[in-house]
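Below, each structure is written out as structure tokens.
Both complexes below contain chain A, partnered by chain B and then by chain C.
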Partner chain A sequence: MGKTAFINDQLFEIKDGETILSFVRRHIGKDIVPTLCDAPNLDPFGACRVCSVDVALVKDGPAKAQASCHTPVMAGSFIYTDSERIKRLRKNIIELVLTDHPLDCLTCEVNNNCELQTVAANVGIRDVRYPDGKNHLDKKKDLSHPYMTSDFSKCINCGRCVRACDEVQGEMVLSMAGRGFDSYIVKSYNDTFSESDCVSCGACAQACPTSAISDVFESKSVVADKK
Partner chain B sequence: MTAGTQDELKTKLRKKFSAHEVGEMCCLGRCHENAAFHVNGTNYSGTDIDSIDSICKKEYSTAEKYNVGNMGSPILTNTHAPFDDYYKIFVKVLQTDPLQCLAELKDSGLRGRGGAGFSLAFKLESCRNVEDDMKFIVCNADEGDPGAYSDRYVMEQRPHALLMGMMIAGYITGASVGVVYIRGEYPESVKIISDAIAKLHAHNFLGKNILGSNFNFDFKVIKAQGAYICGEETALLSSLEGQRPEVRVRPPYPTQKGLFNKPTVVNNVETLANLPFIMRNGGKAYSSIGTPKSTGTKLISLDGHFNKPGIYEADMGTPLRVIIDKLGGGFKHPVKAMHIGGPLGGLVPVSKIDDLTLDFDSFAKEGFLLGHASVVCIPEDYPLIDYLEHLFRFTAHESCGKCFPCRLGSTRGYEMIDKARTSDYKMDRELMDDLLETLETGSLCALGGGLPLPVKNALKYFDAELAPYFKK
Partner chain C sequence: MRTICTYCGVGCNLDVTVVDGKVKSIQAPFDAEVNQGHTCLKGRYAFSFYNHTDRLTTPLIRKNGKLEPASWDEAYDYIADKLTTIKAKHGPDSISGISSARCTNEENYLMQKFFRAVIGTNNIDSCARVCHSPTAMGMQRAFGTGAATNSVIDLNYTNAIMVIGANPTNAHPMTRAKLKQFAMKGKTTIVIDPRRTELARYATYHLQLKPGTNVALLNMMLYYIASSGLEDKKFIESRTEGYDEFKKQILNIDIDQMEKITGVDRNLVKSAALAYAKAPNAMSYHGLGVTEHSQGSYTVMLISDLAMITGNIGRRGVGVNPLRGQNNVQGAADMGCQPHQGAGYLDSYDPEINKLYESFYGRKIPVGKGLKIPEMYDSSIAGNLKAMWLMGEDLVQTDPNTSVVIAAMKNLELLVVQEIFMTETCHYAHVILPAATFFEKSGTFTNGERRIQKVQKVVEPIAGTKSDGDIMVDILNKMGYPQPPFEPDTMLQEISKIVPFFAGVTWENLGENGKQWPVKPDGTDTEILHVDTFKRGLGKFHYFDWKESEELVKNGKQYPYIITTNRELEHYNAGTMTRRTGNVDILTEDVILIHPDDAASHFIEQGDMVCVESPRGKVDIKARITDEVKPGVLSTTFHFPELTLNIITSSERDSEAMCPEYKIVAVNIRKSKGKYKEKV
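Then we have the complex of A and B:
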């Protein structure tokens, strides 16, 4: 065996240069570590942090939470995918996400085919404890374009659409504007889809983990919507 | 404008300017006398406002004065040799093997002064070991920590210590461009550094084959546009590239792929300004000052709540009590805590002063952070809940918006505290603890990751004062 590391105290072989996430997925399964901002065809981004795992240098030693999507596996390290602390961290992050999400899953286009919904179910959210605050729930839908639609009240700011537009298509039509809580996705110079330089490739809709950007003819709905 | 003096200042400014002409700016580095304001590219503070008529006629320059003092073995605040003599250090460096210079630096044990305390020699060596025809030395002069103005002092009073430090770092790593990233709120620093660079050109210390050697080096000064997050090294690099200042994932580290994907060393002003001393006197002379793990001296910024506010330099390991009493002349009025090391540093209650010495390890051991060693005092009568609200608001405002914990958590924390402060809403302690843990373990960079430290200090040491805002 070449270089190795432990996952939940079991020894596995490392491929050169791989991230903790790919190491874990390759050996013990795809659904062990949840992700939101990660996508297989995009560079690691490290925004959502729900892929965090505990990494220790010795068995049961002091561990550091690290985002598995962009951290390379260190030979000999001990990776714990589901420590109590990590489970709490994921749940608390998703709770924060849900403070700014419509929670209208039953009538949502991507009901039952939504990454946020799946991750929220897996981390076991039962309650949002924060008092009401600022949110983006009143964002208007953009139905201006024949192929692409957006509903940024559903956006979780994972940046996957921005990166798909750049890394997959090289179009760079989508970008992130604003700062902090007020960050938001813009099309070209804050235009609608139809006014923007969008080439209708659909890469952003495919990358979107929710229904914030969708494709009119390739809906992610479980039963195709009539258009 | 400095927070506490804003209202009065605004009233006075409004007599001269209309409402839409008076805006807000971030910290101008005048923490020693407050009442700071900025008119058409120039900073003013203290009693300058009383001369607003002359300021508008451009007949007035600031009366700003702050104390500068030291104890022990000062390196940065003592008198430096005149230009020609001072640069003999650099002439000597050019005749020395860069590996020898690196060895001296390793001996010195110099750790970064920007907050993280990372070994400078390690960083330079890692950059040196990457083969590339283009490398950068970036000086992070985006001194945004409220309470800190020591980098401003170095740039304005000791510009050549910084510039020569960057040239030496360039010589060691093989970098040919030095970028000084200075915050736009420091127009005087920008001018002084630019003038100092012009002087270096006039003396042929910059350009190709400097003084007949095979070393090429030149500078570029960048005026930053006022976001605190740009002090985070990867956001700073994005900003330099003209991109949105979003924090990047590491690895790759800047020494591998930094500015324009080229090997880059990013260091704080004070760190780099120590290099000329180390090159002249040797690494051992430097490490003989301070403690074994925190070598050398540290600049300290004392704010207007001290009897003698100013910039002081003391050996690492100096008792905090000595700095407060001997250098700062004690507190002007009763103080209950000091926020040391910027907004993400620890909140030190006065009862802990005697347990602390000025070094990385003592602060870490006691659950605080030396950081930039800026000291902001919290007066006895200032409500801590207001201070916590301010910390969360600051983080929410300055968050880049990339990672979920910081983007959402700082705003939710602010809203929760503000609601408890202004209504009969009581916070849930478990929720607050969950939020702090999420920020601390989940955030991508030290902004979200660092905010919990002072908040936890406050909850620990001022439990009784904060208890009424929580559910029983």
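Then we have the complex of A and C:
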């Protein structure tokens, strides 16, 4: 056996250069750790922190929460995928995301086929404890393009679309503008899809975990997903 | 349901969702080896053509000069009757067929079988003729196999890439996505193109040569490699032949003259050549900018020289890789839709091979010469060719020198067209058979990396149409050849018995990601060709002198500009399909690219109409002023039939494979009022 580490006190072998997330997925299962900003064809990013796990140096020792998607596995470390405080952390992250998300799931085109919805259910969200605050719910839809659509009131700033446009298609039309709460996705020079340099490859729509970017065929709706 | 995109030779896998018997949407599967969860807008979104109201839904027969609806039986009777009469009167060689590189392997196979076994002629060709026939010819002469030596995945293992005469940004978007990522990381990228394409802007070296000087430029590169001692001597010694003679000739070229001819600085050429030679692994990609020239086949052989002189053949991350234009242009040739080679590239001139075909097909098979597409036009105009059968080929809009094509069509006694839409060519047809689209049939396509992939029927053919395979089976039976009903698995079984490199292919073992030929009888496939030895034994070096295109020799003085034709991302070739999708709202018309200096000297402003005149005729195109092209060079597309650009293109052809010279047309320009000005 080469280098090893523990997942929930069970010993497993590490592949060179592997992240904690791929290590856990390979040995324990695909759905053990929830993710939002991670996607199969994109580089690890570490934006949403939903994939956080506890990592300790000794069994049941003092642990540090680390985003598993972009943290390499350390040999001999003890990874705990669902300690109580990690569960609380994940739930709180999603609750905060939902304070700035239109809760119109039942009428949303990706209802029942939405990664945010799935993750929210997995981490046990029943209701959002936070009071209404500042939000982005008044963002307008962009229906200017023959194919591409966007509704950034549903954006969770995971950056998957930006990375798909960059890493997959290499078009770099999408980027993140602003800082902190004011961050938002822009197309070219803050244009609509049809004014922008978008080549309508649809990589962003396929990458987006909600319906913030989609297309006129509603490719991510639950009926469409029945292949 | 998983199927394969029909828009280019990359062969992206598509996940098609069907709701209530209709295509709802398309996504890209992440586990697809070809496209890993990505497609371009043609694959993902441009599908609504398939149930467009313009679809042909009934056979049509020309009666008293008018195309009138008919039943399938009437149409078949009419065709069989006519073909029998023509064959009896003028012989089998008065009939010819052109298959479709958009259709499946099985359909192509059946069509060539029909022509060889039933009609009894080798007059069967495919649109590979007008795109990559010089690649097949050139690479067969150099290596023994006219197909890409490596695979898409090799991009992950290479250190340097040369892209010559190809603009994958528009024509092969998935390959482009990978090439651009490669170039953006600062890895050695050499682009040889008369236009400053997107990839050229990111490339380490852009050799912006004058159109038609590929041979001169590659000779310069080979000269610098041969003269600087960077040859891979071990590889040349053990794997190739003809190098000594080749070296003598290449060291003799006149660099001053070549520099002048190509218009590219010799130091830039030298740096690029040495970068290619020094890279541990270097691979090349080429497109129609190589093949659609009078020296197309020669250029392909020089690209092969470049790979051999640097030892870049037969392992990961190297090789010569044509970017095949149509989804199954590889397959159309593999299946024998070319006059000089039957199914599996077996020589139709060889009497021994002929015996094999005869026992396989159970009929007498003609030996020897058949007509290539350009020869079919000549033969029809001369009155020798009487009947033509086209499987989904729009000759009038896409083949060069439209007036010649139309004259040839008009001279036929019988023109049968299998089509999904009323194309320009259909207007000259005597019988039109409404065919099914790729969503409506099963079979296999072979992509640019020799990957045989499953095309699966996702929806039923719309009422009144039949798949091209069913049509071919019907006509085979109608004319007395017992062919069992079309099923993808049994068809593939039949093909695997005659095409040697399909030996181990079965419908079941193709799985999700297909297999790359040659496939051995046990089912193992081949990612890399020519690993230990070339198909032809030793790789062969060829030397060729550069020769000015006849088009420019004859007309260059009177028509001083060169126009070269290309593609846009949003539309596919004649646009028959993409013009019937939302893509037409994104790109609405063809434009001509013109350098600011040329525009200024003709008082042409952005968006003006330009009259482009060649010795064949003239067309009006809207100007887009850009320094993407050099002065003296123009560039345009031919996606819209309103333009009929091929009125001006010439009948010049590649000297070896007869591929038309679309990339060089001598023209003159002036500002015009424009026939279509009111539209603008």
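Here is the rule we go by: the second predicted complex is superposed on the first by the 222 of 227 C-alpha atoms of A that agree within 3 Å, B and C clash if a C-alpha of one lies under 4 Å from a C-alpha of the other, contacts with A are read in each partner's own complex, and residues count from 1 in each chain.
Methods note: contacts are C-beta pairs under 8 Å (C-beta built on N, C-alpha and C of every residue); 3 or more make two chains touch, one makes a residue touch a chain.
These numbers come from a predicted model, not from an experiment.
Model built by superposing both complexes on chain A: chain B and chain C fit together without a clash.
When both complexes are overlaid on chain A, the residue A:N92 reaches chain B alone and has no touch with chain C.
Using the contact criterion defined above for the overlaid structures, shared-chain residue A:V222 touches neither chain B nor chain C, since it reaches no partner. In the superposition on chain A, no contact is made by A:A121 with either chain B or chain C.
In the superposed three-chain model, the partner touching more residues of chain A is B, compared with the other of chain B and chain C.
Of the two partner chains placed by superposition, only chain C is touched by A:V199; chain B is not.
By the touch criterion defined above, A:A75 reaches neither chain B nor chain C. Of the two partner chains, neither chain B nor chain C is touched by A:L57. Of the two partner chains placed around the shared chain by superposition, neither chain B nor chain C is touched by A:L11. In the superposition on chain A, contact of A:M176 is made with chain B only, not with chain C. With chain A used as the common frame, the shortest Cα distance separating chain B from chain C works out to 11 Å.
Chain contact summary for the complex, chain C toward chain A: residues 1-2, 15-17, 19, 24-28, 30, 36-41, 44-45, 173, 176-177, 180-181, 184, 569, 582-583, 585-586. Contact residues on chain B toward chain A in their complex (touch as defined above): 227, 229, 244, 246, 249, 251, 396-405, 407-412, 415-416, 419, 425, 428, 431, 434-435, 437-438, 441-444. Looking at the complex, you find that chain A touches chain B at residues 36, 44-50, 52, 65, 67, 70, 72, 85, 88-89, 92-93, 96-97, 99-100, 129-131, 133-134, 156-157, 159, 175-183. Contacts from chain A toward chain C in the complex involve residues 40-41, 145-147, 167-170, 194, 199-203, 206, 215-219, 223-227.
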